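So, here's a batch of structures to check.
One chain, chain A, links the two complexes that follow: it is found with chain B in the first and with chain C in the second.
Here is the complex of A and B:
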């Protein structure tokens, strides 16, 4: 296995190296780097030309310049990367680092969100094959496949961001007509997904419609959009709900040991919600501290599950970890909501479509929560648009792979031995359906990188995509190469993880 | 010896009778169809694909006949560059005041150019690029894949490394660099885009050829001394035509989107030429003030890409109906979660099966209540 993986890694690195030569060669020959100065009437133009020739080493042949660039990048193995300079002679390292942080954050969040959502929708459509829901999802998937990202992004920028801001400033309330419309739509759509007999669908539709009307009424009367909170009651109810729901999904409610484990974890998370409230008001160390708490949560969950799980240790562990993780997310959400009015006081139009962060939030008097809320509001629309691309892919692949797996003999065996439908779908079918998805993730990444190039242009981010387009138009190879090598490296990394995941999920290919 | 003869003829007679019976059975079922007839029949039974085909044909004819192509004149009297007085703020006149098209069906730009003519011209360019990219990338992909799969050895590793090399760079990056190199020339842009989008097909064709290599008829052809070119062209490619055609279709849809994205970034089609993508780029600032300038080209891109994708889907189902023949099992969500048992009343089982719109290869039989419930994965095959 190790040998196989190393061999794959080696050949990918070699391919990356060859591809870097190709891209360097093409970039250098794609135009005239001095074009703008040649046409300029500026008396300084000859001097600037000299300077640019010096910075870009235009007096050298391309392979010498490539060699110089390569030596700098190979320095990464000695922990001193040097991505070269751009045509003004600025050092690219800090520029690239800042750009990569913005772009990769966007890509990672979009990837994870679309994997989770895509798999969920894919499973639902596979379970409900040939239902109205399946057909509508199929059509939407085709629409997303054919949707030009840039067009959707401009639309989202105009309608989602600007209309949302107007709405927020006008008091953030739904009118009665909107309330009725939204609950009416929910009352029709949810029964279509949930299925069942006609009577059951009617009941589901009525309940969902009434519930969403009530929820929207509460939303209006509590001014939820301005002062959102999950609240103590919400955290308690949702944590226990998560515990019960996840147990039902993964182990079945009859498995008391798992149920009690999950309930213990939920109770503990409620205790820690109160215990850490003051500490989290100003988290020392920011995301690192939160990450450490998160890891601690997982460790505690595993320990609880191992001691309480009894014969069902494995299931108890997964239920406990999922409950712990999701209730931590809930607590985090509540903290973010608690600080939302603070952010709104500095930024009354919450979604501005320019840049990856707002300048106001780089000053000293803002809290950590405000800074991150600002980042999230700026990230929200590009993420949604970027998700559209890969969501379609994941939904489609999960669906077809689930249907493919459902035909296998071991599914029949599972049914024959009397396993419940939940066990068959989640344990036998879903796990095996995940295997081909592991490779899609790696492939999908390249598409998302292309998407960021477009989105950063539209939302005026100074990310890697913008860096790439500007540099390419200026025929400046160093930033183009920096973009290529960073995205290529991350893609190789994704591939590598996909290979390992593949081997973990599918023992058949462990060599 | 003499005893054997009547025996043999008796067997032959039996065989002939049997064959006649089988033949009669087949004929009773209807006409036997050739492979291509079957494919055509399945394709035309795929409603979304047929609708898409009609839509795509309509758009193509509209784009080329309205303003004409090159020196051939069209039926629309305005050109995409000529400016004129801006009437009524440049609002579209289509379906306004009782007229069908009116003076400017898609409105006018700020300069007073007729936007219908611009959109049609942009669509011409986009369609040309998409189809040329489809053809070029298919040709390169087939040649590379077939050579790699047939010859194996160092040719294969060389070609596949080259394929990996193109794959590892994000497609948009390579396309942007090459698009910048050709600086806006439509035909050259189509050619270079074709040179970076062939990788997927090359891999698929290679895999297909690798499996065809092991077939007996290929061995037979080799034994008879057929040249590699002949074997590939006459024996292997016709047998992998499904994969090739389906992927060529999808590559056209991808090419439309790639070209419009590049043009939007200013690295594809550039002024004075326009394409649907560059039209969206020019008028993105007008999306709230003059929304028609932004909506029409975008909707045309979606319409073309969507119809090509549906045609590809229909072709895939027509060439490979296996993918569609999946069990007709439809358990509820609660059953899937184990909250409700699998035992359902017969009414549940029959309900819903009839409402699913019929599509080729999809098993939409009404499951009768009398069917045994024991095997929910029973595969309903179309006879």
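Here is the complex of A and C:
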């Protein structure tokens, strides 16, 4: 494994190196970096030209400039990267870091969201192949796929920002018409996914419709949009629900050892919910602290599963870790919800159409939660758009991959030996269907970074896309190279993960 | 490259400086050192910015339609006068002066966006900081002896101080044997008889209460700094002229201070005279003796204590070095002045270096996104209306939705039909302001011998067939109902003296088309058909449409018109003289003398080979006529000749569109280049 990893790393570096030469060469030869000054009749233009020539080393051949740039970047191996300076002579490191932080946050969250959602929908459409649900989903995802970003952004700003904020300010209550409409839609859609006989669908529809209506009514009367909470009761019920549900899904409820493991994890989650509540009101170290807690959670879950799992250690570990992770997510969600009114008090219209953050939250009197809620609300629309656009890929790939796998001999064999449908789908089909998906994810991530160029402009983010476009127009290679190295590095990194994932997923790949 | 464009250009500048770049933001940004300082009420620094913004627009023929180019927006700072139908209904605004409001600062934040251009520098006088957003921001961080009213009037700002002319001076021109004014061969300016002339002297008094936000008194030394950075004599001691000429790689700048304006230094060679730490100084116009736009010369202060400290000098030493023109002593100070106030690596400079003399101080900044100002606690004048004003750097395309979502409260988008429709469709309670700007569209006719318009009858025929009213009806009316035919060049429809000037200079003969008469005139001139090309800076859809309309109408009279849109029209076509008609807009600045440069036969921006002795004489007299009433007959004379000789055909002033949340009080548009934020310190959100 180590040798395989190193080999992959080596080829990664080589690819980046060659790509950097090519990009540098192309950028440098894409135009005249002094064009604007040449056309200027400013008496100081010659001086400004000299300055620019000095900053950009235009008096050197391109390979000398490349070498100068490469030396700075090679410093990364000594942990002191130097991405050079732009044409004004400004140090690029802080500029690039700021831009990369904003852009990667956007792309990362959007990618994760579309992978999870896309795979889920893909599996469902594969299971219900050629059903109304399948056709409708295909229609919708292709519609999203073909939306031009700028147009989708304008629509999204209207509906998700302007109308939503108006609604929030008017008391955040559903009218009876809206309530009926939403429950009606739920009552139609859910039975389509669930399938079954006509009678069963009718019953499912009725139950779902009534449930939705009740939930919305509760939502209104509790002013949930203004004062949302999962609440202690919610955390307890949902954690245990997760424990039982995940056990049923992965191991089956008859597997008592797994069930008890999962329930133990759920109980521990609830204990830690109370134990860490005050500590988390102002998490020391922010995301690092939360990350550390998250890792600790996983470790504890693994330990519990290994000790309690008995013969079903493997399944117990999966169930325990998933239960732990999802319960932690619930707790995190509850904390965010708890602070939602605090954020709303400073930002009465929570969804903004511009900026990566809101200035008010850079002042000293705000909490860590308010700052991050602001970041999340600012992220919301661009993330949704990016997500919807890439959803189609994941959905369709998952679907076709699942269908492909479902025709394989080993699936038939699994059914023949009497494995339950759950085991067949999740263990035999899904796992194998994931293999081609791993490749897509890696490529898609890099592609999405490019796709943010337009979004950043529309949402006035000062991200990598802006940086790249401006630099390219100015024939300024250093920022272009910075963009290329960071995006390229991330893309290659994801490819690398994908390769590792192959090895894990596909037992035929022996490394 | 292109001269032209700069309507704001001061007349008496060396030809070298007389150019204005056109089609490109960075270009136009750089081009005008000669820009007279047309300050507005606030800000020393901003002063100059303002001037250059002018230039921008002057230089930016694309103004309204050319979306690719951020500066268009920049210029659309409009104003309404009596006609502004959508105006808040505030009474008494016709004067164009600031309303005297007694405000208390409310703890609130108002968000505004004027253009998608980032903040560059606290030093608004620095050439690189010359953009709309920067000017608007710097404008709120400074105050000055005067400001531009909404009708381009220049009004003293008595909170800052006062000024009075203590010697009116007199300029006597040299005359030759025939009694003709002698012009300098190099500059084309009248030669002044130094024995008989006496210079104008103005005394300025800074308010006793005026202090920088760091507590330091604002004194004469601060004006010595403002003057010194513009003084032409202060050169870079390391600059070697010979070496620069011989060696193309020579890399020293001839100037020590990279100032966007040089006028204070040029008109007032000896600088402000007064006690350095006192509050009173005089300036003597010893170079040109009198200067009709003198009010524009002295604006606001720059903090000499900061520059001195950063330059390793005392304030006295700094002033001394400026007076002595001792470039060597000023090198460090110049280095700081040129770059030390710039945003570096995404961060504002240290707050101690950025004192304010206006209602606001800089607070926080996020590259490419916003800059926030907070009220200056030490401001001695009327306090700011709102604790915080935040500028967002938004593209025009996203301004309207941001306004609808209340992400911003005040916007200055480009005036397009789309924008207007979006604003009108908004669910939010917003106020739309339509404003006639100081930017005006016109057709220039080339009188050069190679052009068919060297023949007066052809000019007249063309003027008779141009569908002036139709252009307004089809292309401008959808944007604003208020825009009427513009029948003058030196005054605009919304200004006080417009009717007075037009009634004496123009009889309405080209208001209506007369194609038959045009045809007859061409026949009389012996032309069957006349081929002409109407040139403009492309791409610009609205100008293409105008050419289309003119072409359709004039073809009936016998003109064969081709579309001469060119993407470097001002840079490459105009200078060659190989053009017939140029369609573009000047950005007016409220400056009186600038027109001489365009219409005088020796004017530096006279590209149409226009020549009329009476016109020259009228201009030479106008630029030394200090009394406003006395100038009117001269302007009438000028306009009359311009109509008779048909040098240019004015079309319309550009409409500007602004919008604000209806809850924001005291938003007031202006025709001046200072833009919608000119009185942002008076904005307040009304309590609901």
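Everything below uses one rule, namely that the second predicted complex is superposed on the first by the 489 of 511 C-alpha atoms of A that agree within 3 Å, B and C clash if a C-alpha of one lies under 4 Å from a C-alpha of the other, contacts with A are read in each partner's own complex, and residues count from 1 in each chain.
We take it that a contact is a pair of C-beta atoms (placed from the backbone, for glycine too) under 8 Å apart; a residue touches a chain by one contact, two chains touch by 3 or more.
Remember, it's a predicted structure, so these values are computed and weren't measured experimentally.
Touch criterion not met for A:56: it reaches neither chain B nor chain C.
By the touch criterion defined above, A:158 lies against chain B and chain C together after alignment on the C-alpha atoms of chain A. Once chain A of one complex is fitted onto chain A of the other, the partner contacts of A:319 are absent, as it touches neither chain B nor chain C. Within the superposed three-chain arrangement, the count of touched residues of chain A is higher for B, of the candidates chain B and chain C. Of the two partner chains placed by superposition, only chain B is touched by A:407; chain C is not. When both complexes are overlaid on chain A, the residue A:460 reaches chain C alone and has no touch with chain B. In the superposition on chain A, A:149 makes contact with chain B only, not with chain C. In the superposed model, A:355 lies in contact with chain C only, and not with chain B. For the contact definition in use here, the residues of chain A common to its chain B contact set and its chain C contact set are 154, 158, 162, 457-458.
Touching chain A in their complex are the following residues of chain B: 161, 164-174, 176-178, 180-181, 183, 253, 257, 260-261, 264-267, 277, 280-281, 284, 287-288, 294, 298, 301-302, 305-306, 308-310, 313, 323, 326-339, 342, 347-348, 351-352, 356-357, 362, 364, 375-377, 379.
Interface residues of chain A facing chain C in the complex, by the touch rule stated above, are 36, 39-47, 50-51, 54, 90-91, 94-95, 98, 154, 157-158, 161-162, 165-166, 349, 351-357, 359-360, 362, 457-462, 466. Looking at the complex, you find that chain A touches chain B at residues 11-12, 14-16, 18-19, 22-23, 26-27, 29-31, 124, 127-131, 135, 142-143, 145-151, 154-155, 158, 162, 193-198, 248-249, 252, 400, 403-404, 406-407, 411-412, 415, 420-423, 425, 446-447, 449-450, 453-454, 457-458, 468-469, 472-473, 475, 480, 483-484, 487-488, 491-492.
The touching residues of chain C, when paired with chain A in their complex, are 1-2, 16-17, 19, 21, 24, 26-27, 30-31, 33, 109, 127, 249-255, 258, 344-347, 364, 366-370, 372, 390, 392-395, 397-398, 401-402, 404-408, 427-428, 568, 571.
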